[in-house]
Amino acid sequence: MRFDWDQLIRYSPDLLQAFGVTILISALSLLIGIVIGMFACLGKLQQRGLAFRLANGFIDFFRTIPEVVLIFWVYSCLPLLLSVRISSEACGVIALSLFSAAYLAEIFRAGILAVPKGQVDAAKALAIPRYHIWKRIIIPPAIRRMMPAFINFLTELLKATSLLSAIAVGEMAYTASILGAQTLSYFEFLSAIAVLYFVLIFPFSLMARRAERKLLKKTGH
Amino acid sequence: MQTSNHINESFIACRSVSKFFGTFKALDDVTIDIKQGEIVCIVGPSGSGKSTFLRVLNALETIDNGEIIINKVRLPGDQKDVEEVRREVGMVFQQFNLFEHMSIRENVTFAPRVSRAVATKDADELAETLLKRVGIIEQIEKYPNHLSGGQQQRVAIARALAMKPQAMLFDEPTSALDPEMVVEVLDVMRELAHSGMTMIIVTHEMGFAKEAASRMLFMSAGKFLVDMSTEQFFCDRDHPELRRFMSNIL
Amino acid sequence: MSKYSFPVIVALVLGVVAYFLNWELLLSLDFSVVWEYRVVLLKGLMVTLALTACAAVAGLVCGTMLAIASQTNFAPLRWLVIAFVEIWRNTPLLVQLIWIHFALPLVTGINTTALESGVIGITLQAAAYFTEIVRAGIESVPKGQWEAAYSLALPARIRWTRVILPPAIRTMIPPLVNLTISFFKGTAILSILHVSELMTVTNRISNVTFKPVELFSAIALIYFVVGIVMSKATLRLEYVLQNRER
């Protein structure tokens, strides 16, 4: 067989648009996930009580069920339960936001718990108010410590967007399957998006590894 | 009403203070008074509760029993009381605990600015004065990990002093230091003692204790077994447990 | 006041949700459909678990071989392993699956069934991830152990099986188990090819019974229960391993 570049070039605008959809959905889910994830993280840091149990249950549930099941549940059950129409794109964003929130909550928590206890002790001993302890003593080092895991999660999120093709969201994997079926040039289109995904995801993997090495050097372990 | 007389004369008063970690009794019914201007050294084997004692005085640990009255504020109390106590009592840690991501200047000026609402300019001036006093003024723009352990500990002392506390707690301030750096930190503490600061020091530096302290406490298994003036403590060693401890350390 | 603010917020949120819920549908939910199709669903779960086991075992075997190959001094082989690992780790499993199922036969001329494509895909992905873990495990063995093995002139096979791998495997066990759990989740992606695992089966039943809410909620719960049992067991295992070392 020969590689049919013409087909690829002819449909490149569609692929490009799909690339945009992938990025847009990832970005939206990430933003919403960060907000919900922060609340879940705060809840879990309580260690006991109602807030803790709610946050813990939320995190456990959405980390444990497969992303595909979550996506299908949101797509086929949520509109029925709320008796509203929800577009498949919105369903995708809702599902991936919940998925992100659960993972990010654990990543945030690990970062915060990695801040040495002595730093907080010293701040308390200086009578620094709680707000300033969080803002200046806990959060800056916590962000540095959570960076590798956070970037790594970005790669997972980008990969997870491909699952939205199951509910006909026009992102890369879906577009390529449709184009492949229409033109019977599966090999060209599927290879093309495989390369696109790799080009999109690999730099983040490298960044995560670099951040990790830098952190190891800095904290000296 | 009975205790109010005590409050007036003692800066720190502990009444039947107990602290548990799980089932382990770290402080066992401790009752003690410390007056303004006293230099108290606490010695004792590791794990005897010395650090815990200092940490409850700064409300870094909550107590399970009894009460502590510091500068007329009662602990356990609400967040306001806790911060009130911490403003008046400074603490220096074994591991320095400087804020790693802040310069030396920020380390010293941060607390006065946010918890005493001191203007940035005044806080800067104060920081420079204090850093001159502990001899690290040249390093003011550097970050903690560029300083030696001795220098970091001197910054930590300056940082605590910047809150203008009435008393200072030292939790084994020289134990994490290389031997050649111990002296520079002890010099700063000695100078501080001469200035009339109330100090409670957990230490194994007996030479320093003998010279600077006005009162010695020996702690074992969560209790103060010995409470004497310094002269008495170093002459009269009839307490068997204390004798064993001292012969190990000297 | 702040003590009560959180329960109040929770109550408010629940109230808003309750207002928007379609109570008619909610009250007419009939979970008997799950019981009715229990045998089919159970078979689906078995396929899911079998695929998980397959990914774990085949992935571990391939991953170990690749990890050992990546330690060789022969550079082209090393690069090949690295390229394989990076490509499979940095593209989505779904894309790999449809590529294997639809694109690869065009090149090889060999048509694969959905199950074959699914097994190939998840095994290769598992191999790539396991390679990384095994490599990290091998690299965690202190250099002195290698040098001691070399200086005793142990043959390569003995060096690997008796000196390097035993301590490496101990540090590898927790991440390996975690990875296996994530492949348990990953098998649901195989539903895109209609491999008859739990997710596919559920989709099929939902298409004939028109009861998606009951079915998808039920299998979400099944996945959750199986997954949480596995991950709590892992925590326990990690705890036991840690305590044994001391």
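Assorted remarks:
Each chain gets a letter, A, B and C, in the order it is written, and its residues are counted from 1.
Here, a contact is a pair of C-beta atoms (placed from the backbone, for glycine too) under 8 Å apart; a residue touches a chain by one contact, two chains touch by 3 or more.
In this text, all values refer to a predicted model and were calculated from it rather than measured experimentally.
Taken as a contact graph, the chains are arranged in an open line, each linked only to its neighbours along the path. Comparing mean CA positions across the assembly, the chain most remote from chain B is C. Across every pairing of chains, the maximum count of C-beta contacts belongs to A-C.
Closest to the middle of the protein, by Cα centroid, lies chain A. Averaged C-alpha coordinates put the centre of chain A at 18 Å from the centre of chain C. Put simply, the C-alpha centre of chain B and that of chain C have 53 angstrom between them.
The distance from the centre of chain A to the centre of chain B, each centre being the mean of the chain's C-alpha atoms, comes to 46 Å.
Considering their complex, residues 116, 118-119, 121-130, 132, 136-137, 140-141, 144 of chain A touch chain B.
The residues of chain A lying in touch with chain C in their complex are 1, 50-51, 54, 60-61, 64-70, 72-73, 76-77, 80-84, 155, 158-163, 165-166, 172-173, 176-177, 180, 186-187, 190-191, 193-194, 197-198, 201-202, 205. On the side of chain B, the complex with chain A involves touching residues 58-60, 79, 83-84, 86-87, 89-91, 93, 95, 97-102, 110-111, 114-115, 156, 159-160, 163.
Contacts from chain C toward chain A in the complex involve residues 6-7, 10, 20-22, 25-26, 86-87, 89-96, 98-99, 102-103, 106-107, 185-189, 191-192, 199, 203, 206, 212-213, 216-217, 219-220, 223-224, 227-228, 231.
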